[in-house]
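What follows is a pair of complexes built around chain A, which joins chain B in one and chain C in the other.
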Partner chain A sequence: MDHSSRPLVDPAKPFFESNHTRRSIIASYWLVVLLAVPLWWTTTSIDRLSLPTSRVLAQQDKQLVFPVHVCLSTQESSLAGPTATLARVVQQLLDAEREMQERSGVHIHTDLDCDRDVYEVEVLSGTNQPTIEGKRLRFEIDETQVMSAMRLTDTLLTLLAPYVTLRSNNHQTERVLKYAPRYRLALSLLNEDATSEHSIKAWDVQGHLSKHISPILDRLSVLHNFTVESQIQFHAPLAFEPVTLQGSGQEVHGLTQEHLTVFVNSAEWTLSSSVSNDPVIHFILFVPSAKHTPLHILDAAGQPVASSAFILPQWGGIVVHNPNSAISESTVLVPSELDLMFATFRHQLMTLLGVPELSKNIQSNQSLTDWQIDALLRRRAIENAQGSKDTLRSIVQLVRQIENMPVGHDVKDDVQGSLTALEQTYAAASSSLHASIERSKEAITLASRAFFNPGMLALLYFPAEHKYAVYTPLFGSIAAPLLAAVIRELMAWRRTRHGAQQAGSKDAKEKVD
Partner chain B sequence: MQYRHYNTLNALLLLSLCFLAPVWSSNSQSAVQNGGGSAHTNNWAVLVCASRYWFNYRHMANALGMYRTVKRLGIPDSNIILMLADDAACNSRNRYPGCVFANQGRHLDLYGDNIEVDYRGYEVTVENFLRVLTGRMDPSVPRSKRLLTDDRSNIFVYMTGHGGNEFLKFQDNEEISAFDIADAFEQMWQKKRYNEIFFMIDTCQANTMYSKFYSPNVLATGSSQIHENSYSYENDNDIGVAVIDSYTHYVLEFMEGINKTSQTTMQDLFNSYDVDKIRSHPGVRMDLFHRDIRHALVTDFFGGVAQVEVLPQLSTEEPIWSHNASMASPVVPAIDLFPLTKGNITEEVQDVELTGDKTAVPHPFALELMAAVQNSTSQRETNYRTVRAWASAALLVALVGWVCSRGK
Partner chain C sequence: MLSGWLFNVCFFLSVLAARTVALHAEQFDEELTLRPLRDGKLAARFSFTTLLKGVAPRNPERLDEDDDSQHYTLFPLALGQILREYAVTEMHLTLNAGNWAYDRWGYPDDLGVSTGAELWAWMGEGGPVTVDDRWKGLRNALAGLFCASLGSLDEQRTTSPALTFQPEGSLPRWNASHQLRHATLPSEHVCTENLTPFLKLLPCKARSGVAMLLNPHRLFDADWHGLGVHVRYLDAGVEVRLAFQAVFDPVRLSSDKRRDWSLRSVFDRTIDRACPVARSSEVRVELLPDSAYAITPDPSEIDGNRATYAVKDRTEPLDVAMRWPGEEAFQYPIEAAPLSPLSVRRTLKGSSQSDAQLSVVIRNNLPVQVRSSYLETMPWLVEFYLHTLHADIGGVPRDDLVSVISYTAPVPHTRPTLFQAILTLPPKTTLHLTMDVTKTFLRYTEHPPDAQRGWDLPPAVLIPFDFGEDPIQNHTTSPGTSAKYARPARPRRIYTSVLLVDLATPDFSMPYNVIIMSCTLIALIFGSVFNLLTRKFVLVRLDGDSAEQKPDVK
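Moving on to the complex of A and B:
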């Protein structure tokens, strides 16, 4: 009951006008704003993990070079001396071609040490052309040492370094398809008009595939997986009218060079199913209608050429088949014709996949020698290594350049995995070609996966003006009273302090007086 | 809601209570140059109609007209990504169900019986468009929706819709900015997803959309300058709405004179632009493109002309104009101005009247100068924006000061 001890509330001065209360109210507003800042920051910032930039950049100057060991041997005792000299001279000649070797990513070393699994050159006496058996090259010499050494050097270089333009950006390389771990082969038999007398209703595609194409696919299975599909179409009109020539006695129809570029009538021919995202290699066997038979390819001068096949770079191959009405009345292709066509397809396939051609003067009992396969593997390994290097660099560069681009854990893991695989590609180059190509495949796959990660899509770009325009209605209206309140409070505080000081000094003065 | 939102933004921008954005750096990559002819082995096309609703019939017709043209010139359906934000053909207001026409007499059905729309309706979003370009797709996305290009691909990108200064509206709720497309192209370049790109856009202030590109080997053209509208070409009274845009109409008309083996060049296409007929000033940007456009063939982008092992011989000269009838442009009310509604107080409105005084510009020559002129105007623009930003900052300080002083 001692209400006398509490001061009476002065109605002219409400409690909330006390300095303390007012200031705590203002401070609490500020506290809320300041506490909300970290929340706002975390919810609006983008998750950008750091990428191993220095490791990526360190990879950029590295070149993948495969050391290739070639040994010379001979069974004939009389040739032992010349073979040793040959090995030495060939090595000297090869060293002179160092630049060309480097462009092809090989470093050839020749000696007489044949105990390991290496390329072997068996030196014989004779005048026959060189022949290849597996990894062994039979090379016959009879002329002077220098001539045979030059001939052997030339042969080795064409076999081991067939891609002189590998590291230059040459147009010639464009016919070869980009590396992909999986390809789809789409074989189509297209009748221009099945109602005409020359149409082909059936072909033994499976038999000839397994006879001509499958062996190649098996040999290349280290590099690619292949899926094969085939179809027959009965109405596949051309989108142009072939030119008509008067040949010897009969009318001949011709495809000019221009016609070849627009030969594929993509609007009306359905050439492959779209079941997967793998690149498709098309092979077309085109049977012209009676109206357009015989149909020949014309050269630039307008004269028919012997070949009836052509390839479209990175797309596929086309064979024009003119049924010989005198021989076959049937509507089925005879095996001898099909053999020829599938041999053409095989050649086209090997060209498109980048298998180096065996030079004319080298004999072989295989359609695809180990030397060719290895050259292709080296080429693909180099391309893959280069491709992964480029992709990794562009990831790093884009992440730096585009500030809105998120970088998640999966991207970081893929980049690191790709880098590791790339390093292993280099490490394995000297010991095992197959290990190296495997690692390079992994490197390019991971690098591409990192680049194409769906989460890497940069958020939509908002100009800073837009951001301010969104935030200002919110923060502008809050900021004005908050700032004003603080300033007023400060001024009031200063005024009171000033007043107190003045009052204090007045007191002091009075005391002195 | 989008309109309101945007009007707010515009109003705020005009008042612009805030500081200006820092200038972003755009250091482009060193370009790999192709001497002579194009080194491509395959052609792709991405055709985008970004707007919805029946009254935007003409945008559907624009995109379908381009679709028909590239298909006729040899790009297979598997290489065409067609994005249509609405289905005008099956709209209940369409008196001709299943058909889309692009001219007054309804002579040619663009929809036809062999069409493959890859992205339809609400699938047409900014995100999906950018995913198509950059290839950043979910693994489950089917082949027909992907742009499976490589460094030997020439890509034709055509966009149409309602746009403004540096943006294009998608559907009715988002927009893509010039920066988004520029960044997407740069990502494509970095991943070697193209050999050359030809970018064409028909919208209001279309030329602003390619002003931010910085990746090499991109040739770009647009229908109208900054602060300028693109207009539709004609109405069909039975369909009841405008059926095609003016710029696209004349481009398509030019394309009608081209066949698969035509030797017509991009220069010829750009020379065919007629400001009087199109009623806007089309622009061309070629500083990023490293071939001479007098040697770049139209079919390098619009056709599927592949190379064969033996290079084709250059011969036949194609006639450029096929038909020249009915040039008298009828009165067309529809305008491709983006925020047409009230409250839009920014720069667009002042240019709604036809640019009668500007038509004296000799267009074929002016095109080459346009890029240079744009650079100097953008410099002035930047200065103006800086001044505006500081002024608005001063305004904010003044406001705070005023609130403070009033308290005393």
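Moving on to the complex of A and C:
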């Protein structure tokens, strides 16, 4: 076979066979793989929006402080001079207590300027105890300026910052329920055993509610809404046996301090409410059976105490009713007995809701004064602000710690909304207490909604290892020929280049030779 | 002074008035009915009725306003909250175990004897929350209250067969009409965890009165048992009736095969003390007139075939006992006429995993023609082929006996089937109904944890409502017989037994096998195609020019 008979195309090299075609095929495979990577990445990645971490952290050091303006006035011309002095001295004394004021979130300022809607102290001459009318405090002075100033300072602090003064009960903070926009008040009359002779079959709950409890609920409606319900149970046994004491002549049964902690028999008493998530405040009137009458609460030393009522912190109040043996035939409660019990329930309700007690030497014609309500509002606003700060910080920390946690738009919006509301709470503190509490309610609601967002748990239990376990059988076996082809082409390319160089150097050598 | 005195008088009067209202606005009645059955068994029905007088159900149009405060003395607060929250006018919940044998036991005292859970409610339309949302809330709240899986009575099982489930009370006249929601869950099993919350709704719990006999060890050992909660609105007010039914077998419990029973032997308890707040508290025993029995103690009252004991009048514990002194051992009746007007047998035939045939055999036991409604509510798991619906009597096609057919086709994964028809049953004959069904293929995630067990299908419901109207029948039967069956007090439901359908069940380890196998296949195909594309092809000379020869594959 000579060169002239050869066709133009080398039959040893098929027309489709060229390095260029083969390399383009391999390259296009890799191109598809590379182009698919971003698609894979976006479809499998978790939606994690960035949270305003710096704004959240910036909130942590802020303290909510309400400026409170108290003005002193007098109608008596002879007291005009002493009043001005009194205002100055009281302000000095209050400034000395600055740290204590800050701890309870108020900053009291006194002067003689009474034209705005402020707390007013009307100075009178006399020796009577101070009295409260709305936002006005009637304060009578007769002794030396210094004594009056100290007395007034003390009174103002008790009224405006009641939660950290030494007079208030230290246990109170632990008893108070967490803030909720709506509470359910559940009143239950529990007969331990209705077949025994001392049992109460009916009570006029509506009449006494409207007489004792409803005025309080109306006054507190700026802060909470209430749903009230009541029931009677005829068989509500105790889960334990009360101790028996030999009293004067007759047997007395007693509840020890340990018994009080396990008094509520939640297995047998149907008290819980299943239709809503509102927190329930329980009030229980317990009528022991004839076997356990009279039933008294015992002190630590095992002696009966005079009171027959107790509070379970953040749960409710309980009154134990020992039927009077003289009228034991009656199966209903007489109004005077019920008045007493509902007065106890009212007191328990105020304690559980954190309403500050009015100190005993201050007279008032209202059951709940404006000063008390405002102090409660300030307290709840501070609590809500603190609560939303803590919740927001927890969210940010949690999202930072758990890298698989998705953060959707709703969570981000809630966090931002809560932050904005929190900032507005601070901004409104100096101008309007009511605006401030409204914004703080919104802040805590949004913060808890963001924290409990169900979407944040979606992928938490589907770790990345599982994904790779599913991918490997496919991608491993496909990646092998792809990689092998690339390596083979690279080696072939290097060999041809090396061969060409060698051939080139050989030619040069031959030329030299 | 005078005004103060007047105020005091008014105050005490108002307190007295309030107290009388509180005492009389609610009343509680309890009763236990015991009925010895023909086959030696004993049917017991506890009924606890609380009537809340002068109260109407909540109007759904006012759901966005604050509700009135609920102050109850006897009415169960936990149930009252649910009814007011979801503005339910009428509600019936039953949880039963076992098949009620209509032929041998007759009609039950409480009609709801569907196996498993059944819930139906009439609710007013209108207002801020739709009926479906409230239905969802209602079944979830009841699921929480009774510890039952009523939450699974979802849209896939909810129908609205308003003709079969007519309200038992009255419906308030509001601007908008009322709607029915009905769902069944035949696989739900009633047990102690449902009885405990049930007992807590009773004013006297299980500690006094008739309810003392509700001993879970004995109740759940009974051949048939079930509890029911029925709420309806009457003109007098809202009535809640809690009921427990059971069919005991004294022959099984006794050592010498006698059918003698007493409260002690059946419930292992006696009624020691009366419930102090019950207006009436009675034990009623239905007597069998045609047998020689003895009943102790002496009843307070005997009215025809019924002995009544007033529990409140008794000072010592009540232990009713009934004996048949002349009987050595109880002889089961071999051949006895069925006690119910219709006997129904329903089966699903066919061994294939894709198709089956529904077969219903209905026998009219009466000597008159009976017209009856027939209702099937099937989940979408099985679909009917309506054109294959055939009726025959003794092999003779009688498709004319099935009329007024209404059919709502199922939507897979969303909506159940609703099939209603009117059947005309000639006297003393047996009607065979057949219909082909197809079984759906479920998604992987739709199978229950015990997938191999199969799916329970709800019972069909028949209501015989028209007796002997046919002129020919009136002609042939005596007027007395016709009158006897012509006007029952109210149409009564008959539930058929439930069915179990076997659907194609996958091997649940399959997904992983499929992943591995398809990956291997794809990798193989990919590898060979890829190699073909990138392989270097050369021509090989075979005639020996070694200089030109190259390796064929690189």
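In this section, the second predicted complex is superposed on the first by the 462 of 513 C-alpha atoms of A that agree within 3 Å, B and C clash if a C-alpha of one lies under 4 Å from a C-alpha of the other, contacts with A are read in each partner's own complex, and residues count from 1 in each chain.
What we mean here is this: a contact is a pair of C-beta atoms (placed from the backbone, for glycine too) under 8 Å apart; a residue touches a chain by one contact, two chains touch by 3 or more.
Only a predicted model underlies this, so the values are computations on that prediction, with no experimental measurement involved.
K.L.:
Please work out whether A:W315 is in contact with chain B alone, chain C alone, both, or neither, and reply first, second, both or neither.
P.N.:
The first partner, chain B, only.
K.L.:
With both complexes superposed on chain A, which partner does A:Y468 reach: first (chain B), second (chain C), both or neither?
P.N.:
Only chain B; A:Y468 stays clear of chain C.
K.L.:
For A:P481, decide between first (touching chain B), second (touching chain C), both and neither.
P.N.:
both
K.L.:
Using the superposition on chain A described above, determine whether A:S276 touches chain B (first), chain C (second), both, or neither.
P.N.:
A:S276 sits against chain B and chain C alike.
K.L.:
Between chain B and chain C, point out the one touching more chain A residues.
P.N.:
Counting contacted residues of chain A, the larger count belongs to B.
K.L.:
Between chain B (first) and chain C (second), which does A:Q257 come into contact with in this model arrangement: first, second, both, or neither?
P.N.:
A:Q257 contacts chain B only, not chain C.
K.L.:
I'd like to know which partner A:A300 touches here: chain B for first, chain C for second, both or neither.
P.N.:
first
K.L.:
Intersection of chain A residues contacting chain B with those contacting chain C?
P.N.:
272, 274-276, 470, 473, 480-481, 488
K.L.:
Within the complex, which stretch of chain A touches chain B?
P.N.:
For chain A paired with chain B, touching residues are 169, 171, 174-175, 178, 239-240, 257-258, 260-262, 264, 266-267, 271-272, 274-277, 279, 299-300, 310-315, 390-391, 394, 397-398, 401-402, 451-458, 460-466, 468-473, 476, 479-481, 483-484, 487-488, 491.
K.L.:
Looking at the complex, which residues from chain A come into contact with chain C?
P.N.:
Going by the criterion above, the answer is residues 11-14, 16-17, 22, 25-26, 29, 193-195, 199, 201-207, 209, 225, 227-235, 268, 270, 272-276, 332, 335, 470, 473-474, 477-478, 480-482, 485, 488, 492.
K.L.:
Could you please specify the touching residues of chain C with respect to chain A in the complex?
P.N.:
12, 14-15, 18-19, 22-23, 66-67, 69-74, 76-78, 81-82, 85, 141, 144-145, 200-201, 203-205, 207-208, 273-277, 515-516, 519-520, 522-523, 526-527, 530-531, 533-534, 536-539, 541, 548, 550, 554
K.L.:
Could you pull out which chain B residues touch chain A in their complex?
P.N.:
Touching chain A: residues 8-9, 12-13, 16-22, 27, 32, 39, 41-42, 71-72, 74-78, 114, 126-127, 130-131, 134-138, 142-144, 146, 148, 150, 152, 166, 174, 176-177, 179-180, 183, 186-187, 190-192, 260-261, 303-313, 315-316, 396, 399-400, 403-404, 407 of chain B.
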